[in-house]
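Would you mind keeping the following structure in view while I ask a few things?
Chain nomenclature is as follows: A, B and C, assigned in order of appearance, with residue numbering initiated at 1 for each chain independently.
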Amino acid sequence: MSATLSVARAVARRSLIHAFTNPALLIPSIIFPLIFLVSFAGGLSAVRNVPGFDFHGNYTAFQFVFVFLQSAAFGGVFTGFGIAADFESGFARRMLLASPHRSGMLLGYGFAGIVRWCVTAVMVTVASLLAGMTVYGNGVELVGLVGVGLLVNVTATLFGAGVSLRAKTLQAGPLMQIPVFTGLFLAPVYVPLKLLTGWIHTVASYNPVTALMTAGRGFLSGDPNKSALAFACGAGLVALMVIYALRGLRRVERGL
Amino acid sequence: MIDREALREIGMIAGRSVRRTLRQPALIVPVVLFPLMLLAINASGLDVTKKIPNFPADSYLDFALVVTFMQGGLFAATTAGTELANDIETGFLNRLQLTPLRAPAILIGQLAGAMVVAFIASVVYLAVGLLAGAQIKAGVGGALVLIALAMLVALAFGGLGAIIGARTGSAQAVQGMFPLLFVFFFLSSMNLPRNLIEADWFRTIASWNPVSYLVEGLRSLVISGWDGTALWRCLVTAIAISIVGFAGASSSLRTRMART
Amino acid sequence: MLTYRAMSHDGITVSGLVREFKGGIRAVDGIALEVQPGEIYGFLGPNGAGKSTTVHMLTTLLPPTAGSATVAGFDVATRGPEVRRRIGAALQEAALDAFLTGREHFELQGGLHGLPKAERGARAVELLERVGLTEAADRKVGGYSGGMKRRLDLALALVHRPSILFLDEPTTGLDPQSRSALWGEVARLAKQDGVTVFLTTQYLEEADVLADRVGIIDQGRIVAEGTPQALKQEIGRSSVEAIPANPDAREAIESVLRRFGEPAAAGPKGVAVRLEGGSESLGDVVRALDAEGLEVAHLQLHAPSLDDVFLAKTGRSLEGAEEEERAEEAVPS
């Protein structure tokens, strides 16, 4: 176990140094969530006045949860990009040869992904608070919100890792981005679920991200809703992606 | 002065640009599919906005259709810039410089490829939008003007992309410009009309943002019919950005092409 | 657009040519040379010596900072278009479009040079055949090997029948077979078609085998110029290397050899001197060693190489100069 952890530590350290010393990697992961926040919370705030908009809080708070989870998801995708880049440059091969316990590598990338996301999450939270976001959740509920974010981040990181381990090239970037983007947007992004109509209502009703988003909004507004379902969905997604990523790792090992 | 020889040269470079663009599905498919996906999501997800008093359209689909054309223009920017940067990185620009080819022909020809992608994408967006039930208030003529304006928007953004491509000679730098253009897109009247934006600061930014006038001009053809004011503002903005883009890219290219 | 016809002033004249970059770096520091029509001129030097910069100036891609050069009778600084009509160039990067086929490259290049459509097609067929790319002509260049790309690059440089051809390290990165094939084509161009060739290279053998005359450049200056044979003769003298049968006898063997010339570079086990009397004194060396009763496991005569010329002129070996350049590049400033 300690060997696995030491591999994880080394991989995480390297991944974080790389991420934080490369503006080209760091800046997009911070800018995109902030753009969404400003654009949706600022530009679409009139939507809050639509009859039946059932949310205890202002529109900035409503959108904050989406942006919070979006930053978590895309933080995971960017970590996946980093793994793909390591394969393209040959560095991943070096790490695979040097690591006694290769699952430690996944752990390391995952840990680095969480740390990176924390930086973005803090920036997004501060920006939202400055924009007047209402916060009615208590301490436990806010921890619950962070927990939802972590589940999304870990899921996305493991998904990105799984794709990268199979494709081993940055050209697989869209294969990581598009499913995550689609998963996020086929959820109640702009209005609560009951105000969605047509096909998107049906799709969103079955989308696990909807449960995560609804629970997150419930935590923030002090009105917990679907929390158990959300954590169950999150845990299920993480479990699925752990299998996906580990299988990807085994494939790489067989190819060595 | 554009003479026959110059036209011939532009045609050759444009032909190459179009051919190589069409041979890269990875350049075309996301440009076509991604905006349509977003349109489908937003048209459904934001349909409630038609209940907002004074909302100017019968459906959010009609309102948001032109956002796809704008996104197509954004992709044109990165395509034009990336292709030019690639030519610089690979030395293909040197090959062109060793021929009698005139410098402006290189730029115009490169932009042609981006505009072909924009044209194909625009036709697809329009067709899908109409199939999904969108109605173009300005009729068939309006639809044709819509496509023409969309190509002008693509040319405008393509020029901006070409500036970065020519200045940096790096495809990565061009890709890095994407977030910046993205910001301009979102800080506009893309999602709601300006008069319905509640946040004063956002409305002010949107009013100063040239992208708002591009969006409003294109949108007017769909939801209003022939709105002269919106159309001339859109045209002037697109032409102004095109001139800035072309002048900037030409200047950067001239610096890079030091041939005697 | 006229197709250029060979004329008597299809040569290159360079005088005091300088190219300075930002920070006062003089990549080319006052070179002078002359290339006769129909000649193959080899421009030999390590990485960073100024070879490519010189080629860029002579092909009008870069204006000189000072000095002058005429190519095909036209000043490169003021008559760029006329120069470009008469030259072809295959530069360091193959500079091809991965998404176009070989044939489409000819269409484009020929068209840009003003060849009529029919002639473009015929010229493409002819040149593709010449460089052995007929079968691959309609495949996208992205799928070509390195050797195929170089051959296509060379063929494209010839599409408008230039009288002067610039080749910037044309065989770098190629396998021995591809290199040999390219040499054959270059030699044929010069000898049969009368094309003047200005070739830069870092490979001694390439300059030795191909070039009629060689200019050796180091740190922006020409340090030696002449035919390969004359340059080697100027330096000299062959060297002899002896590997002792008994390592203890090494000093004794060295002192015998020293009677015949100055010390020269040798392998780890051997001793070597440069023979003052040339290769004819080899017999005297053998007799002298015999007379001292010294046994030799191996005795080798080395003819002088262009590397010896470079060593004599710069104090460094050409290969050593490359390692220095690499080391300098690796150290952050």
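In this section, a residue touches a chain if its C-beta (ideal position, glycine included) is under 8 Å from a C-beta of that chain, and two chains touch if they have at least 3 such contacts.
Small disclaimer: the values here were computed from a predicted structure and weren't measured.
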item: Most distant chain from subunit A, judged by the mean position of its C-alpha atoms; value: C
item: Most central chain, Cα average position; value: B
item: Cα-centroid distance, subunit A relative to subunit B, in whole angstrom; value: 30
item: Chain centre separation in whole Å, for subunit C relative to subunit A (CA means); value: 56
item: Approximate Å spacing (C-alpha centroids) for the pair subunit B, subunit C; value: 48
item: Residues within subunit A bordering two or more other chains; value: none
item: For the subunit C and subunit B complex, residues of the former touching the latter; value: 1, 59-63, 76-78, 80-81, 84-85, 87-89, 91-97, 99-100, 104, 108-109, 111-114, 140, 156
item: Residue ranges of subunit A touching subunit B (in the complex, touch as defined); value: 24, 27-28, 31-32, 35-36, 38-40, 42-47, 49-51, 171, 174, 178, 182, 185-186, 188-191, 195-201
item: Interface residues, subunit B side, partner subunit A - complex; value: 26, 30, 34, 37-38, 41-42, 44-49, 51-52, 172, 176, 179, 182-183, 186-187, 189-192, 196-199, 201-202, 206
item: Subunit B - residues contacting subunit C, complex; value: 8-9, 12, 16, 19-20, 23-24, 90-92, 94-101, 258-260
